[in-house]
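Single-structure report; data block below.
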Amino acid sequence: MNAPAASAVDANGAPAASRRETLWHKALWKLRRDRAGMAGLAVVMLYFLAAIGVWLGWWATGWAEVAGGKWEAPSAAHWFGTNLIGQDIFARSVYSISTAFEVGLVVAVLATLLGGVLGALAGFFAGRFTDELVVWLMGVLDSIPFYLLVAAIAFAMAGNPYAMHVAMISTFWITTARLVRGEVIKLRQLEFVEAAHAIGVPEYTIVFRHILPNTLHILLVQSTITFVAAIKSEVILSFLGLGVKDGMSWGLMIAESTIEVLAGFFGNFLAASLLMFGLVMAFNFLSDALQDALDPRQVS
Amino acid sequence: MSAPLLSVRDLVIEFTTEQGVVRAVDGISFDVFPNETVGLVGESGCGKTVTGLSILGLVPRPPGRIAGGRIEFEGRDLVGLDESELRAIRGRDIAMIFQEPMTALNPVFTVGSQMTDVLRRYKGLSRRQARAAAIELLARVGIPAPDRRVDEYPHQLSGGMRQRVVIAMALSCDPKLIVADEPTTALDVTTQAQVLEQLVRLQEEFRMAMILVTHDLGVIAEACDRAMVMYCGRIVEQAPIEELFARPRHPYSAGLLASIPARVDDERRELPVIPGMVPDLLHLPPGCRFADRCGRRLARCDVEQPGLAPAGESRVACFNPVETPR
Amino acid sequence: MSALLEVRDLRKHFPVRGGLLRRVVAQVKAVDGVSFTLEAGRTLGLVGESGCGKSTLGRAILRLQRPTGGQVLLEGRDLATLPPAELIAMRREMQIIFQDPFASLSPRRTVAQIIREPLDVHGIGTPEERARRVLELLDVVGMRAAVQDRYPHEFSGGQRQRIGIARALALNPKLIVADEPVSALDVSVRSQVLNLIAKLQRERGIAFLFISHDLSVVRHVSDQVGVMYLGKLVELAPTHELFTNPRHPYTEALLSAVPVPDPRRKAKRIVLAGDVPSPMNPPPGCPFHTRCPKALPYCSQAVPQPVDVGSPGRPHSVACHLYT
Amino acid sequence: MQFAARVSLGFTAFLAAVLLAGCGESRTPAGDASAGRKVYRHSMDEAPSSLDPVQAANVYANHVAINVYDTLYSYKYLARPYELKPNLADGWPEISEDLLTYTIRIKPGVHFIDDPAFEGGVGRELTAEDVVYSIKRHFDPATLPQGAWLWQGRVAGLQEWKAAGSDYDQPASGLVALDRYTLRIQLAKPYPQLLDSLAQGYAAVVPREAVERYGAQFAMRPVGSGPFRLVSFDTSRILLERNPKFRQEPVDLEAEGYDPATQGGYGLERIAGRSPPFVDLLEMDFINEPSARWNSFTKGDEVQYTTVPNEQLDRVLASRSPVRLKPEYEERYHSFAAIEAGFIFQVFNLNFPEFGYHPDPGQERRNKALRCAIIKAFDWEARNESFYGGIGEVYPGIIVPVVPEFDPDTPRDSITRDVEGARRLLAEHGWNAQNLPVLTYGTTGSVVMRLMFEQFRAWLKEIGYPTSKVVLRQYATFGDISRAWKQSELPWIAKGWGLDYPDAENTLQLFYGPNGSPGSNDANYRNPEYDRLYEQASVMLASPERTGIYRRMNRMLIDDCVAVTGLSRKRIHLWHRDVIALPDREIVGGFFLKYVDVLDKPAAGGR
Amino acid sequence: MEMLQYSLRKLLAGIPLILGVTLVSFLLMVYFGPDQTYTLLGKNPTPEQIAEVRAQLGYDQPFVTRYAGYLRELATLDFGSSHSTGEPVSALLGRTAPVSLALVAPGFVLGNVLAILLALLAAHHRSRWPDKAIMGLAVVGMSISFLIVIVAFQIVFSSASGLNMFPVRGWGASSLREYLHFVTVPTLAIVFVSLGYNTRFYRSVIVEEMTRDHVRTARAFGTPPARLMLRNVLANCLIPIVTRIVFSIPLIAISGSLIVESYFGIPGIGKATYDAIMVGDQPVLKAVVGLTAVLFVLAQLFVDILYRAVDPRVSLQ
C-alpha cells in the first residue's frame, strides 16, 4: 500500500507543522480522541480518588465497625444494607477500592519492572546463557498452575500478608517478559542497534538507552493489563482464603455473600461485583485505548 | 481506434487517516484499449498502486473508499458494484499480479491447489482437468518440471518462480485485462529480466491488455506501449512510450528521466536533481502540485491547477511544458 | 597511494545445527574467501543479487559480525582479531550507513542525540563543542539547525538518510561502508543523496565501500566495482572497464539484464536459466557453473582462482576457468 | 459470513436442547442398579478424610466407621441424654471390685463381610482377638493413629507393647483375648469412661487380614461387620449398601429409649420388631456449602436429610424457642432440634506473660483483670445471633448442657456483657490504650472466622482496646493453626470441642495442667487445686459427689477468667416425611443411620 | 526417523524444565508447605506422638533425600498413596482427571469454537458496527470476574430465586441426561468467562492474517468470502490457535478448573488438588505438579508436530 507519508516536511528539512511532536505527544493526542478510553480513564481516576480518600481517612473509615443489625435491608444509612455482623456494606465496598488499588499498583509496578528488565536482558542476549536462564524460569513458572503456585507461596510464606503479592508478581512478570523479549529480539536486529554497535556503544548501555525505551509502550500497556489481572486474581484468591489477610476486599465480600445469597440477601454480592465490574471495565477500556495509541506501527 | 476496454473517468479515491481525509487519487481519467500495455509510473505515494487496486474493487475499506468517478470496463461501471458482482469479474475478466511474490501466495496450500481452485471455479473443470490445466499453464510461464512443481508449496519455490505462478494464475481464465502492480520490483535483476520478458510475451500471446504499475522507468521503457506519469494523485503526463522518453513535456517527467544514473553516461558527473520533496497530501498547495519543486514555475502555477491538455503526441498537465527539439 | 583497507581471504560462515544433539551439520557460506584492497579516498562498489553475501561482507569488515576466517587490515591493523577494547577505539575510523532509513534511527531519540552519540561514546570534546559539532554536521548534510530537537519519525526517508550520514561523519572516519544507502529511496530523492555522498568523498577524502544491487547507481559512484556471487568475488575491475568490458559470464548476464530506460535501445539479453543455488549447499567447483551459458565440464570440478586479465595499471581480476 | 451465522444458529439450537434436557427429570443416585431398591440419601458438610477406624477422629469419619464396622458398645438410638448399650458385646462387662479389670463377652456368630482378604473370599467370624488387634493398632505409629489418648496410661501394657516395637504377635498385658469370645481389659487406674471409649469409631473392630492385605489403601476399603458395606467413596459422595450378612437383632423401641411424648410424631413405631438395616442403599453427599446443601434438600429430589443452615432459619422457623417450623415446611418435613454435644469457646494462652502467668504477682493480677475485662466485653448474644442463628445455648463455664453434670443455675455474670464494668476494671488496674498488649487473633482463611474476628475487635474497641492492637493472623489451613495452638504460639485461641462421650470429664481435661501444650490444654492453665480435683474425679464413677467436684472445677475456671465460654450450637435436623428416622450427629455420630427407613410409596425416591 | 529424532531431542530439552518445576514446587509445596502432622494427631498429643507422626510421614528426612525420592517417584510414575485417605495417587488421578475433562471439555470447546466464529464475524466486518459490538461485549465479558459469573449463574439457574432448573452442585455422568444436568451451568460459566478473552485473541490473529498479501491475491481471483475465510484466513491462523488450545490442555487435564470444581463441588482433579493443598497431602501434590510439568513438555512437542501438520513451512529442525 502506498500510504501517504504521515508528516509533512518542507524542502529545507523542517517539518511543516510547527508544533513539536514526540511519540508521546502523538499517543496522547490519539488517546484524547478515543472516547471509550477517555471514559475509562475518567472512571479509573474517580476510583483512584476514592482510594486516596480511603487512605487519607476521608471516608469509609467505619468499614470495620458494627453499625447496625444483622442483614439490614438497604436504607439511607446503609446503601447496600448491612452484613452478618451488622457492618455497613457500602463502607466496606468503598474501603475495598483502596485494597484493589494497593494490590493492583504494587503488583503491576513490580511485575512490569521485573518483566521489563528480565525480558530485555533475555531478548538482548538471546541464545546465550542469560536468556536460557530466563526462558527456563518462565517455562518453569508457567508450568505450575497459577492457583497452586499462589497457594504454595502463601503456605511457604506462612501467612505473610504479602504472600499474595509475591505470588502474583512471580507469575505476572512472565507475560510482560515474553513480550519484551520478543520485541527486544526484533529491535536488536534493527539497524539503529547495529548503528550503536558500529559507534562503539557498550552492550549494557545499548540495552538500557536504545532498547528499553523502545519497549516502554509495551510496559505501559502491560502494566494496565497486569493491574486488572491483579484485581481479578485478588478477588478469587481472597475468596479461596489465600488473599487479603487483614482488611477488606471485594473477594472477601463475595466470599461473605455466598452465605447470604441463597437466603435472599444480595448486598455484599451486588456491592462488590458492581464496584469491581466498574473498575475492571474502565481499566480494560483504558488499556485498549493505550494499546491503540501507543502501538508504534500506528504512530510512526 | 477501437472502443476502449477500460475507461476511467474522474476517479477520486480517499483515505481516512488520523489527521484527516487524504485524496490519494484526485480525479484521474485514462483509457486502456485492447491488447495494449499501459504503464503507470510514479514515485511512492503518488497513487499508482491504489489506482490499480481500485479497478478490481480491492481498495482496503476502511480506511479507503472510492469517492467519485467511474471505472467503465467494457461499458459497465465497476464503481458501485457489490462484492458478489465484483467477484464475478475478478480473475475472470480482470486479473491482478502483485508486487510481493514471497507473500502473495497462500503458504499452507500447494501451488496446484491454489491454481486449480481458480480454474475449477471459473472454468468448471473437474479436479483432474484442472490439475492438467495448471501443469500446462506452469509450463507456459516457463517453470521447469511443472508436474513436480505443481505439488510443491510456495515456500519451496524461488521468488521468480512464485511470481510466475501468480502470472500463471492470472492467465488461467483468459482475462481481458491484467493489472500488474510492480511485478518485478522484488525480484533480483537477472530474474526480473526473465519475468518481464515472459510477461510481455504472454501478453501478446494471450492478446490481453495490461496495466503495468511501476516506479521503474526502465521497466516501462522495456514493456509498455504507452505510459502515464503520476504525481501526487494526479496524472501529469500521458504519452506513447518513445515520445515520453524522447521528449518528456512535464517538468516532473523530465526531471525524473534526467536523474536516472543509467541515462547519465559519464560515471562521475553530478546527477541532475529535482529539488525538494513531494508535498504532504494533507497540505497540498492550491495550484500545481509540482510548482514548489519546478524550475519552470509561472505565477499562475501557484493558484491554478493545470489539466491534461494535448501537446504533440502527448497530453500534459502543465502551463509551461518543456519543449524538446525533435 | 597505500591501501587504507586490505581484505584477505575473508570468510563468514553461519553454522546450521541439526540432529539429536544440535551439532553443526552444515555451514552457510555467506562470505567465502574474499580479498581486495581499497585505497584511501576511493570508492569500491560491490554489486550482486540478494543473498550473495555483500551485506555480510560489509558487516564482517566492520566487525559487526565476527569473521570466521581471514584478515581485515585497516591501516595495517587486523580488525578481525582485535580485542574488544581496542576495537571500540578503532570504530572512530570506520562507520556505516544503512539501507533502511526507518529502522536505522532510534525512534525515541532526537536528531541531536543521535548525531552526538558517537562523540559521547568516544568522549570527544566538551558538551558545548559537541553541540557545535552537531550543528556543523547538520549543515554538512544540508539540514537546518532547527531540526536537531526533532524525532526521526518527523522526517521523510531522504532526510533520515541524511541524519544517518551525519551520524556516520561525526567521528571523521576514514572508511564508510554504505549498505544499499539509496535503494529504499525514490528516484528524485535518490540523486540528492548520491550527490551528497559524492560530495563528501570529494571534499573529505573518505573511502567508501558502496554496496548495492543497483548497477547503475554503483556505476555512478564507484572507482572500482566488485561483483559477488554466492559469497565469492567473481570479478573486480575499474568501473568503466567492468561496464564496457565484462569478462565473467555472470557479470555479462547481470549487465544485460538491467532494463534500459530508453525504448529505442533494446538490449540483447542473456537470460540465465534457473535460480541462485542455496549458499548452504553451494555447488562444487565454480559456484556459477549451474547457470553459466559458457560452462565447461571442468567448471564443476575446481574452484576458479582470481586471475588478472587487465592491462598494466588497470588491474582486472576475474575468477573464471575461461581465463585460466 | 453466512456460514458463521449458520453455525451460530446451530449452536443456539444445541444450547436450547441442553437447557430443555436440564429442566427434565433429575438423576438417579446409582444409576439403574438402584431400581426397586430402598434408597436413603443423606447430606453432610464434609467428607471423612479416611475410613480407617484408627483415624476416625471426627463426626464425619464416625458416620462411616460405625456403620461399616462394629463397636463393642454403642449409644441407644433414642435415649436422651445418651445411654450406652451393648452392641457387639454380649451384655455388660464383668467389672472387678477395684474397677480395674473388665471382662467382656463378645457375641458369637458375627461375621465380617465377604472380601478377597479372607481365605476363600468369605468373611470369617469376628473374635476377641480382632478387638485386641484393633485397639493395639492405636499404639502402632505406622498406622498414624489418632485415638491412642483414649487408652494411653489407662489400659495397662499398651505403652510397653508400643515401646517394644508394636509387634502384633506379642501380647499386651492389659488387653487379652481370654478365648474366642472373651476379652479382658486390665486398667492401670480406674477409668469410668472405658465403655464410652469402646463405643467410639476408634474402637471399631477390623480384621487383621484386610489391614495387612490392603496396606495404606485400607483407609479406602473398609472390611467390617457393620450394618452396611462400602460400594464407592470419593470426596463428594459415599455409597453404602446393606450388609446382607448383618446379624438379625429386632429393634426393641423401649430398650432404645423411645419416648412417645417427644418422639411420637416421627413414625418410629414402624421399625419396632424388625431387624436393621432397613434401607438397601445409603448415600451420603458431602457438600461444603450450606446453601448448596440446602438447595439440594429443598428441591426434594436429591438428599432427604439436612440441617437447616443459619441463614435459612428465619425462612423455615415459625418460632425459635421452642423450635417450630412454618406450616409450609411442617407439612413436608420432620424436624428435630438437637443441642450440640460440645461447645465453642475461646481461651487465653496463659503462657503469654502479656495475658497470663507472670513472675511478678502484681502484673499477674493486672493480667487477670485484663482477661476478665475482655470476657466482659464479649457479647455472646450478638455472637449467637450472627453466627448461630440465635438458637445456640449460651451458658457459663465448660460443662456443656448435654451432660448430666450441667448446672442450669450457674450464675450468668461471666456471659453477660458489661462494657462499663470492663472499662472500670481496666482503669482500676492501670490499663490504657497505650499499655494494652497486642492481642494476636489466629484464624484460618474462612470468611466466617474473619467476621468473628471483626466482631470481636469491634467489641474490644468499645472497652477502649485500640483496633490496631487486635491483630489478625491468618493460617492457610487448619493444620497450620493447629500447629500454632499446639506449639503455644498464639495468646488467644478460639476453637470448638466435640464431646467424645457424654461426660463432663471430657471438657474438664481441657484445663488439666499436665495436658498443657502440645496436649489439649491449649490455655496452659496450671492450677494445682484444679489438677488435684481432676485427678480425684477422673477415677470416680458417676455420682453426686463427682458432680460436685466437676462443678467446683467449673467455678474455678470462671473465676480465673481463663476462657470466654461457652456456647453449644443447636442444630435443626430436617428430613423428608417419607423417611423414618431420628437423626443425630452429636455423640460419635451416625449411629442412627442403621435404623433409617424409607416409606414404600410411589414417591419413595422423592420424585 | 527425523520425527523420532526430533521428539527425542525435544524430550531431552524438557528435562531441565521438569527438574525446575519439580524443584520449585517441591520447595514451595512440600518442603516449606503445609504438613499433615497436626491434622493426623489425636486430641491430646504428646511430643513423642508428634515425632512419631513426622517420622511416619518422612518429614524428618533431609531435603536431598526427600527430593530424590520425589524424582524417583516421578520417574516410576508411582507416587504411592495419599497421606490423608490412603487412596493410591494413581487411582485418585484416574478417578478425578476424567471428571475434570468431562466437566471442562464442553465449555472449552464451545468457548473456543464460538469465539472463533465471533472473531471471524468481527474481523469480516472490521471497524464496522458488528465488529464494534462484538468487541465491546468482549470487553464487558472480560471485566466480569469468574467468581461473580459463577455465583450469578448459580442464582439464576439453580436457586429458588431464579429459574431453579439445574442442580446447585454435584456431579454425575451415568447417563447423558444426568451429565447434561450437571455440566450445563459450569459450562455456561466457563463459556461466558472465556468467550471475551478468546474472541479478542482470535480476532486479532484473524485480522492480522486478513491484511496479508495472499488474502488480497485470493480476493483478486474472486474467491468467495466463506472460502476466503476458511482457506486463506483460518487455515493460516492455525498456529496461534493450535498453540493456545494445546497449551490449555495440561492445565485442564491436571489441575482442572479449581474454582469451578470447588464451587460446584465436583470431584475433579482441581478440587482434589485444592483439598490436597489445604491439608498438605504431599503425595497428591507431588503427582499433580510433576505430571503437569511432564504434560507441558509433551504439549510442546505435540504443538511443534502439529505446527508442521498445519503449516508446511515449518520444519522440525
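For clarity, chains are labelled A, B, C, D and E in written order, and residue numbers in each chain start from 1.
The rule is short, and it goes like this: contacts are C-beta pairs under 8 Å (C-beta built on N, C-alpha and C of every residue); 3 or more make two chains touch, one makes a residue touch a chain.
No experiment lies behind these values; they were computed from the predicted model shown.
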| item | value |
| --- | --- |
| Chains in simultaneous contact with chain A and chain D | E |
| Required steps from chain B to chain C (each step between touching chains, minimum) | 1 |
| Geometric centre: closest chain by C-alpha means | E |
| Which of A-C and A-E has more C-beta contact pairs | A-E |
| Euclidean distance of C-alpha centroids - chain C vs chain D, Å | 87 |
| Where chain C and chain E are represented by their mean Cα positions, the distance between them in whole Å | 53 |
| Computed distance of Cα centres, chain E from chain D, in Å | 37 |
| Numbers and ranges of chain C residues touching at least 2 other chains | 156 |
| Contacts with 2+ other chains: residues of chain A | 5-7, 9, 151, 155, 240, 258, 261-262, 264 |
| Contacts with 2+ other chains: residues of chain B | 44, 275, 277-278 |
| Contact footprint of chain E on chain A as seen in their complex | 36, 136-137, 139-145, 147-149, 151-153, 155-156, 232, 235-236, 239-240, 251, 254, 257-258, 261-262, 264, 269, 273, 276-277, 280-281, 284-285, 288 |
| Residue numbers on chain D that touch chain A, as the complex places them | 289-291, 294-295, 309, 311-312, 314-315, 382, 385-387, 444-448, 450-451, 454-455, 457-458, 461, 467, 471-477, 480 |
| Residues of chain A defined as touching chain D within the complex | 64-66, 70, 83-87, 151, 154-155, 158-159, 240-242, 245-246, 252, 255-256, 258-265 |
| Complex contact set, residues of chain B against chain C | 43-44, 144, 158, 160-161, 188-194, 196-197, 215-222, 241-242, 245-246, 255-257, 259-264, 267-268, 270-275, 277-278 |
| Sites on chain B touched by chain E in the complex | 56, 58, 62, 83, 86-92, 95-96, 98, 100, 103-109, 117-118, 121-122, 153, 155, 166, 169 |
